[in-house]
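Scrolling down, you'll hit the structures one after another.
Two complexes, one shared chain (chain A), two partners (chain B, chain C).
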Partner chain A sequence: MPGAKFDIAYVFDYFPKLLSTLGLTLTIVGWSILLGLGFGFLVALPRLYKVPILQRVSQVYVSFFRGTPILIQLFLIYYGLPELLKLVHADVTRTPVLVFVVLTYSLHAGAYLSEMIRAGVTAVDRGQVEAAYSVGMSGFQAFVRIVLPQAFAISLPVFANLVIATLKDTSLAFSLGVMEMTGKAQTLITLSQHFVETYIALAVIYFVISFALEKVFLLLERRLLKHDRRETDSGKRFGWRRAPSLRGLLAKTARAQEGRSRA
Partner chain B sequence: MKLDPAFIWTAFVQLLSVIPTTLLITAVSVLGGFLIGTGIALLRLYRVPVLSQIAAGYVTFIRGTPMITHLLLIYFGLPAIVDAVSESLGSSFRSVSIPYLAFALIAFTITASAYMSEVVRSGLLAVNRGQLEAAYSIGMTTPQALRRIVFPQALAASLPNLSNSLIGMLHGSTLAFTVSVVEIMAKAQIVASTNWKFFEAYLAAALIFWGLTVLIEQLASRIERRINVYNRGGVA
Partner chain C sequence: MIQLSRITKAFGRHEVLKGIDLTVGKGEVVAILGPSGSGKTTLLRCINFLEKPSGGTVAIGDFKADGKHPSKKEIHALRLKSAMVFQHYNLFRHKTALENVMEGLVVVRKIPKEQARAKSISVLEKVGLGSKIDAYPSQLSGGQQQRVGIARALALEPEVILFDEPTSALDPELVGEVLEVIRRIAKEGITMIVVTHEMGFARDVANRVVFMDEGLVIEEGDPKEIFARPKEERTKQFLKRITPEASYSI
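Then we have the complex of A and B:
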């Protein structure tokens, strides 16, 4: 077995040490999502409004960033972008690695976010836009005031998944030498050789954060869909009933069989 | 340093030789994950006491932690367990003789099983319960009804999710380079280490992954069309 003997005390010992780099991990996540939303909008709009050539470009962008592993994208941009910028005589050799990392994650997230935005906007009922026009809103007003809030509520679950996925993806930034949580874990290990304890502590921290994020987004979703639920609760909407589920039936037959065997 | 298109081609050709390793990791983890995931999904759907809670906790934990932590935990933790067990059994087997690839396969199967169980669960839940009732009404037993009626429809419903998981695991297989498995990512580093042309090598690797992904997407949409044939036409 490589490394030192297992000692559970190290797990607790390493929690605060790993948590000290949590800020950097969350910074990467925050900036990536923020910039990714920008990229996402830029890429989604040509496809939503069917702009001739740009539509094609954004299709290729999305296909590439969803079709290659994030790890390869990290290295590609880290090695490739400086060369590309050299052509326009911009020197980026002194730029911190973190910039490349954030850029990669935001381009990666941007591809997924653009698909999310596209799906969310298309999911908003067409009548909503027509109604907005009928009360005299301009195209921009209708989009910002009517479509976007609804699209946001619809796509919140996807957004939550994406944020959590980005959080977990940041664990790869250590491969470029960024000192986020996984990088910190690697250095702790080189010092002490306590592999398993460190990774357990690391996994627990990631788990707690993603679990907390999930709960927060669930609360937010409930809040945002309040208007929708009230309507369905009172049964005003026609034909929107929960599809009969297999789970319910399975549970019921299981209960019935149980009752039979007892009798 | 200028971009060297010739080296992209050289790297591309050399990377082709390790595609089988990447595909093996992907296939084993997805198939293994699918089998274990189906078991987990059934445990949760039938609400088996204790086991279903354990299954739910397992799925939440695995999905809440990065794939690389699973890999590293297995890689560093499993040998100790294997050695302890084989020692207590008096066997001469030691963890040193386990190939690196095995650790990657085990770890990725664990990762995939959690994601797959959710795919399978959602697929099964998407099947109309009337289908099961109809199967019961013509005298099928539960295993028969599940196998002949529910599973085929659930498979059709979860095909898009399945192909997404497959692509996710394909991309995840790049992590195997951290435990010294030579797949596409590691090979790209090896190829580039001779002449420092990392960008060209990674570009070639990216092209291969892109191609594989597009291929999987195309195949999935073909199969989806084929598998949903029964759903075509009619009044519904």
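Then we have the complex of A and C:
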């Protein structure tokens, strides 16, 4: 086995050291999700409103960022983007690495978020929008006041997954030399050769944060879906005409699988 | 007063409305009847431009809009003068009964919240839902949901309320309560255009019945007259098919 002899003391010793870089990790997550939501909306709208050319562009964007590993995307943007920008005589050699990292993660998250927004918006039935129009609301008012809140509530579980996935993905940022938590862990290992202890401490931190996020989102979801609770309880959710929800779909699939395994 | 003239509507090559003229006076209750696919609902939706007519003009009060090329302003003006009750209620699912009714008042009419709230409560009481103002649509029965839908329309005090088959999606035992509410507001002199399959309701409540088939108005007139002595062959056939009791009511 490589490295120094196992010593549990290192695990506790490394917690505060790793936690000192937690801020950076969370900064990457926060900015990526925030910017990602921006990209997501920009990309989802042409597809929702079927804008001819932009719709194709959106599809290509989503396919690319969903279809390639994020590590490759990091390298492509870090090394490729400056080359591209050179063509228009923009010099980005002094730009901090962190900018490229956040850009990659937000573009990556944006691809998934655009799909989430699209699904959430289409899940709100058209009839409610017509009702909004019939009382005199503008398209924008109907979208913001009627569609968006419901779409958000429906999308929340997917959003929670994405935030947690982004948190874990930030562990790849160290490959560009960013000193976030995983990067810090690498340096601690190089110094002490205590591989296992470091990774245990690192894993615990990631897990605790993910777990906390999961709980927070669950609470938020309960709150946002309070208008639907009764329906869920009575199992009426699958009646026709009801707007489909991700939770509903998941429950349905689970039920179907249960049925299959019993058969 | 509502005046529709030469309204046409085509979906692609399929002509749904082939030139409809209809005038509805203030305080009049007009029932539109006809077999499914005859264009009744499409006509109704053309009045508030949920469906854009392919031609003709729509006028409510002294406001007139060109069907084919309406401006956003014109559409908005027509929607402010009308309200709609939908077949599938179409309540805002994330809002309580009260919020559903208040929404248009506050957001569109810019009425101060407290005032809108008081108004909404009184309208909800009128449709018999005074005890359900804080319920979400998912906690209400179909009949109750539709009554919220009616309250939402009523609160706006529009010049006309458009009813699009308001009882078609309801369980039979819930139809009565909704019809009762519509009957009551009809008596108050609110102008209404009702697309319906409830022949009894059309006969008792409407001042005028319009019978449509294949995108045209076939016959119109006094309900008692039309139900008792339809002039057109198609009207006769339809009434026979839909309401066996109509043939006995002579």
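As a convention for this text, the second predicted complex is superposed on the first by the 229 of 263 C-alpha atoms of A that agree within 3 Å, B and C clash if a C-alpha of one lies under 4 Å from a C-alpha of the other, contacts with A are read in each partner's own complex, and residues count from 1 in each chain.
Quick note on the criterion: a contact is a pair of C-beta atoms (placed from the backbone, for glycine too) under 8 Å apart; a residue touches a chain by one contact, two chains touch by 3 or more.
Being a predicted model, the structure only gives us computed values, none of them experimental.
Of the two partner chains, chain C is the only one touched by A:E130; chain B is not. Of the two partners chain B and chain C, more chain A residues are in touch with B.
With both structures placed on the common chain, the touch criterion links A:F6 to chain B but leaves chain C unconnected. By the touch criterion stated above, A:L172 is placed in contact with chain B alone, chain C being left untouched. Legend: residue contacts after superposition of the two complexes on their common chain; A:S63 is shown touching chain B, with no touch to chain C. Of the two partner chains, neither chain B nor chain C is touched by A:A151. When the two structures are aligned on the shared chain, A:L76 is found in touch with chain B, with no touch to chain C.
On chain A, the surface touched by chain B in one complex and the surface touched by chain C in the other have residues 243 in common. By the touch criterion stated above, chain A contacts chain B in their complex at residues 1-3, 6, 63-64, 66-73, 75-76, 79-80, 83, 164, 168-169, 171-172, 182, 195-196, 199-200, 202-203, 206-207, 210-211, 214, 243-251, 253-254. Contact residues on chain B toward chain A in their complex (touch as defined above): 1, 3, 45-47, 60-61, 63-70, 72-73, 76-77, 79-80, 83, 95, 124-130, 132-133, 136, 142, 150, 167, 170-172, 174-175, 185, 188, 198-199, 202-203, 205-206, 209-210, 213-214.
Residues 125, 127-128, 130-138, 141, 145-146, 149-150, 153, 226-231, 236, 241, 243 of chain A touch chain C in their complex.
On chain C, the positions that touch chain A within their shared complex are 48, 50, 76, 79-80, 82-84, 86, 88, 90-96, 103-104, 107-109, 136-139, 149, 152-153, 156, 169.
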